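Comments concern the structure below.
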Amino acid sequence: MMGFVLRRVLQMIPTILAVVLIIFFIFSVVPGSFLTSLMAEGRNMTNADVLAQMNAQFGLDDPIPVRLWNYVSGLLQFDLGISYRTREPVTSVLGPRLWPSVQLAIAAMTFAAAVGIPLGFMAALRPGSLFDSLTMVTAVSGLSVPEFWLGLLLMYVFALQLGWLPSFGYQENSLRHLVLPAIALGVSPMALLARTTRAGVLDVMNADFVRTARAKGVSEPRLVRAHITRNVLVLVLTTMGLQIGSLMGQAIVIEKLFSWPGIGSLLVDSVSVRDIPVVQGAVLVIVLWFLVINMLVDIAYALIDPRIKVA
Amino acid sequence: MPNPDPLLSVRDLRVQVGRRGPQILHGINLDILPGETYGLVGESGSGKSVTGLSIMGLLKRPLNVSAGSIHYQDQNLLKLAPRARRRLRGDRIAMIFQEPMTALNPVASIGTQIAEMFVIHRGLDWPAARRRAVEALDSVQVPSPEERARAYPHQLSGGMRQRVMIAIALACRPDLLIADEPTTALDVTVQAGVLKLIDELCRAEGTAVLLVSHDLGVIANMCQRVGVMDRGRLIEEQDTVALFSNPLHPYTRGLLAARPRLGSRVEGGRKRLTELEEIVPPNARGHDAPTLVTPRGVRAARAEATA
Amino acid sequence: MLNRLSLAAALTLATALASATSALAQADTPQPGGKLVFVAPYGGSITSLDITATPHAQDEIVAKAMNASLYSWNADTNQPELELAESVEKSADGKTYTYKLRDATFHNGAKLTADDVIYSYNRLGDPKRALPGAEQILRIAGAAEYQAGTADSISGLKKIDDRTVEITMTDINDPGWQLMSNFAPIYSKDYPEDQLASKPNGLGPFKLANYVPGAKVELEKFDGYYEEGKPYLDRLDIMLMEEAAARDVAFRNGEIDVNVLGPTQYAAYRAEPALAENLLEVAEVYTRNIGFNPKVEAFKDKRVRQAINYAIDKDLIVTKLLKDKAYPAVSWLPVSSPAFDKDARPYPFDPEKAKALLAEAGYADNLSFSVTAQPNESWGIPIVEAIIPMLARVGVTVTTDPVDGSVFSDKLLADDFQAYIWSNSSGPDPLHYLRCFHSKTPQSACNYVKFSNPEFDALLDQAGAEPDHDKQTALLKQANNMLQDEAPVWFFNYNKAVMGVQPWVHGLKPNSVELAIQDYQDVWIDDTAPASRRQ
Amino acid sequence: MRFNFVFGLFLVSVVVLAALLAGLLAPFHPIMDADLMSSELPPGAPHWMGTDAQGRDVLSRILYGARVSLMVGVVSQIINSTIGAALGISAGYFGGVWDDFVNGLTNVMLAIPSLVFALAIMAVLGPGLPSLLIALGLTNWSWTCRIARGSTLSLKSQSFVLAAKAAGFSDWNIMRTQILPNIVGPLLVIGTLGIGSAVLAEAALSFLGIGIRPPTPSWGNMLTDARELLRTAPWAAIFPGLAIFVTVLGFNLLGDGLRDMLDPHMRTRRE
């Protein structure tokens, strides 16, 4: 197992390096700079001398290869640089954003799994029924709604009309604040999971070993519980892994809408003020999250499916 | 009817696709006596497997039994509550299938899958059931059964898996075993062993066997009586010896004539008898010599058939 | 005529509202205790807890609670006034000021001394630190030399004794205009600089309790605050909420106590009696405008610039699109400016005249230009969308060039634009903000339209050297009117800032510099506040 | 489940017709017929879906917006499919270093969420239709590539390909005439589903302020601009929202239906 993890971690390095390069080059040709973003409000007249000093301080007037070299060599020592905007190390800018993001991703996935998997299951157990059709139409619909639109509607209904939940924000140790953004973010993976689960269950239900189990006299509940679930889980796990892995990046819009202090909203804010070190750092976190989750999924595979070995 | 007291008696069994669809079985009548081995033979699509599945109550939608009765002892299986019928399944009437590669749950250990039988039908707790599972593995002549009980299906060969299937099917000493093409998917070299095992175990326990096969050689070796099916009808039923020596129905005659022989080209009815590519030794019968088929002969026959 | 009426009405309304609100604030005696949930609406995060590291209004909203500057802005009198000093003496030449500092304490317990003032201003001006707030102290004598690296410190700052400091300016204008800036707060000289961003230490009424980056800043009452009996509140939470639709829900839901409103919400709140009662409105000192780059040949012609001013029905845009959350602009200086000419009339909507002027200038139907714009609803893309059909009717083709903030300024600084729409500070100090049109002001500073007119320059220079306040104001008024006639920009509107306030909140002021920046020490909540605010 | 295909096709046809016939059907000009005096009018004659804050006819803007949305969806998906198929087929066919490279690149593309990537590209190119096409077209090909590669690998060793090789066909010819036609089905399915996601991505990027250049009507912009009107002029927000929903739903159903038709395994599964 350790060997597997080590190998996977080593395999991540070229991917990460490629991501760093891609983002670096994109943002080295991006128009606008941190300095020009400072005056975008039109409130302050900016003194040219002050601008020049800031330019020099951030190394913005170095040539691109020098900046790249500085960045990569810093990265090798786990130094992500200094944020132009806050003038703090990027790690301490990213740090506080990590947990809210992880929380939101996990909550959204929990919602998606808790609703999507049972729905998919129930639909598959009565294929062709009204329930099945309704579930699948709902699922396709869930994949077809713009998410900020959905978030806004949730806000209006559950926060304003019904007053059940707070409409925005992040509170340490509060699950109530998590509910609406998690649902808004979770609807599309939920729909995907419902579909995958349904297809998976139908697939497994047709498998020979299910017929064997029936021939053994296994009861339907036990059949679903002991024979189908685990086999479906193997199929569903891939979808779940990919979804939760990309949720951190997909959360941008929802984080903005719900004023959620995650990596996604940090990324958008940093892009708009051209705080490149933070943009780099945030993308790196999002990518790492994806890679690590996928590694964990592979490990989980091995635990669930004896056919797969990770050693 | 040769015996007044059959173990299982099927009357006018009709199976249909959906409610209005075509009929698959057109009124099958069939009796299986306690302890006997009854062979059901026919081409693929003739309805032999459907007959077996109907008895088990494992027809898959949209197939359904539209008429008839299946009596096991005194009860009509078709009128039984699902729960009661499930209790019989595996316990009194068991079944093994053609595909040992896929018939076992890939993510559960062999031991667990056998032990499950004791848990659901005998009410044993899991540790006890697992011990019984090891014994069952031993009885189907799986070497080092304790180790194998912990293994997963993908770690076993096809023949081993079919032995595991047999262990599962016979775990509760059923009265009837329905064996649907139990050796078709197996390597020829292990077919004999598996058939021999079924035969020995069932004879020892007095279990009746409904052997479904397209392989006349297997039928000839294993069964006392044979029924021939064609397009959803049971067209002939005779003692094995009688059938092979004096087939009554023209279809049966064609079937027997179509047997490929060593060195000869397959002729007549080839188009429909595609599955028949093995050799029935003339007058072969009895249980001590399950088959005389040699691997080389089969390969030759196969080569011919595909040529 | 219509324009004049609506302007007059707007003015009356603003005054009435301002007085109504202050009357409301005095209606009851302030009660101590409780929590206010304020909102910072200009972004999903703040830049830093150290205000000297940032130039953004969003950060100012938070910093105002924690810091104090030498001067502060009096929202009632519309003048800078002394804050950290008890008294000041001005020298005969009007350039040197001697401040007697008040007895004030930093959050860490240190006492305010003259050294802190000198340290803070030197730190701001330090070229090695490159702080955006440096701009605020550039009028102190010697600051320019220090910036340029030819001096070790700012020579115009002198300690007399622990509580007395002397500041020399380069000109005779009131130093309060700059030194009141929230971006130039007084920090403690002994406080470690690397902690300013995480554990700020100021002189303000509230100290930091908890900061969740990207979500909120929680503050608590600072017991050692120098004003007796203040602040009234025990706690102050500032939510960082950018999305207006989300703020609306949160405000209606009682989750936040104030909501800075955009035009849409303003109209909606006015239509609901319960909400309409509690709106705080003020004419802010921002001028929204479309600047014409003389790089475009046509824009060199004054007639073309005037024609555009005639061709756009700005009253209609202000009423319909901005829902009256703005005052149609006359010239550059806003209505609340002391140099605003109350007799001046805005360009009337007169498409015929516009056509005539364009034809005269040779651009009857062959003028087209693109407007570089940010997405802002009050001074961005939507406004350009609205003028497109209006200008099409006089034969002018307009396209949009949508950009985000940093590209916007980048294009302006690089002179890479044909026209831009923007909202610029135009007050409170009229001289300072009219200087943006002085030919010596570089394009990169704020003369984005490269305006150059010797007469205008002369007027401004004269005003800058005029020690008499009234005379100076008269000169500035003249300059402002000249600017209107020259029309270097399309004068669109002056912002009306509006804040929805929960009925239990008192003591908020109509701050014309920036409504969202409040003197938190004067704010209090009454008994009708929900339990979550009163625990 | 043929219903999926038929209903999906119906919805998509409606949208395509709306886009094609926008010039005939739209009662008003989507940009120039803006009268602030008649802003935020509720639905009714002559504005059947009401007017927006600028006084423009919502119906006309939705009809013209269909052009933009379809253009964004279809063109970006064509770019994606082309890149994905070219890389996937060549990687599967040639194998070796090229395959490793393509695989690595695909992994990188999968690891950066496409919205993040699109955001970065839009930041460089600025808002506007061409940038949007590029941003969405360059960031969503990894699945196409994976599937093309997998199919090519299994097709490569099949007799007809080997025969073509033996007959001396060039690699390019074999990929074009032997492999591509055999994987067009799955690519079509992914492409169709991808059109739906691209339409949604346009809305998301508009929300973040980097979509189509106003005043060109696009559903994402309409929805974003009207989100604050949800209370006072809901029609300005609801109709574009519905337009997006119906279109994406149509393409999703069409994609599902196509998959069911092209993949007999899936069809029996859904009996």
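Order of writing sets the labels: A, B, C and D. Residues in every chain begin at 1.
Criterion: contacts are C-beta pairs under 8 Å (C-beta built on N, C-alpha and C of every residue); 3 or more make two chains touch, one makes a residue touch a chain.
Note that the coordinates shown come from a computational prediction; the quantities given were computed from them, not determined experimentally.
Undergrad: Chains in contact with chain A and with chain C: which ones?
TA: Touching chain A and chain C alike, sorted by label: D.
Undergrad: Along the shortest chain of touching chains, how many steps lie between chain B and chain C?
TA: 2
Undergrad: Counting contact pairs per chain pair, which pair wins?
TA: Per chain pair, the contact count peaks at A-C.
Undergrad: Which chain has the mean of its C-alpha atoms lying nearest to the mean of all protein C-alpha atoms shown?
TA: Measuring from the global C-alpha mean, the nearest chain centre belongs to A.
Undergrad: Need the most distant chain from chain D, centre defined as the mean of C-alpha atoms.
TA: Most remote chain from chain D, centroid-wise, comes out as B.
Undergrad: Can you work out the whole-Å distance between the CA centroids of chain A and chain D?
TA: 22
Undergrad: On a C-alpha centroid basis, what's the spacing between chain C and chain D, in Å?
TA: Computed value for the inter-centroid distance: 44 Å.
Undergrad: Roughly how many whole angstrom separate the Cα centroids of chain B and chain D?
TA: Their C-alpha centroids are separated by 53 Å.
Undergrad: Please set out, as single numbers or ranges, the residues of chain C touching at least two other chains.
TA: 245, 403-404, 407
Undergrad: By the touch rule stated above, which residues of chain D touch at least two different other chains?
TA: 123, 126, 227, 230, 271
Undergrad: Taking each residue of chain A in turn, which ones touch at least two of the other chains?
TA: In chain A, the residues touching two or more other chains are 31, 152, 156, 206, 256-257, 268.
Undergrad: So which chains end up touching which?
TA: Result for touching pairs of chains: A-B, A-C, A-D, C-D.
Undergrad: Quick check: in the complex, which residue numbers of chain C touch chain A?
TA: Going through chain C, the ones touching chain A are 42-45, 47-48, 50, 53-57, 127-132, 134-135, 138, 147-148, 183, 197-198, 212-216, 239-243, 245-247, 249-250, 252-253, 255, 286, 374, 403-411, 413, 422-425, 436, 442, 444-446.
Undergrad: Any idea which chain C residues touch chain D in the complex?
TA: Going through chain C, the ones touching chain D are 244-245, 248, 262, 264-265, 267-268, 271, 313, 316-317, 319-321, 375, 381-382, 384-386, 388-389, 392, 400-404, 407.
Undergrad: What residues of chain B sit close enough to touch chain A in their complex?
TA: Within the complex, chain B touches chain A at residues 56, 58, 60, 83, 86-91, 94-95, 97, 99, 102-109, 116-117, 120-121, 152, 154, 165, 168-169.
Undergrad: Under the stated contact criterion, what part of chain D meets chain C in this complex?
TA: Checking each residue of chain D against chain C gives 31-34, 36-37, 39, 53-55, 123, 126-128, 209-210, 213-215, 225, 227-232.
Undergrad: What residues on chain D touch chain A, complex-wise?
TA: 104-105, 107-108, 110-113, 115-116, 119-121, 123-124, 126, 196, 200, 203-204, 207-208, 220, 223, 227, 230, 241, 244-245, 248-249, 252-253, 256, 266, 269-271
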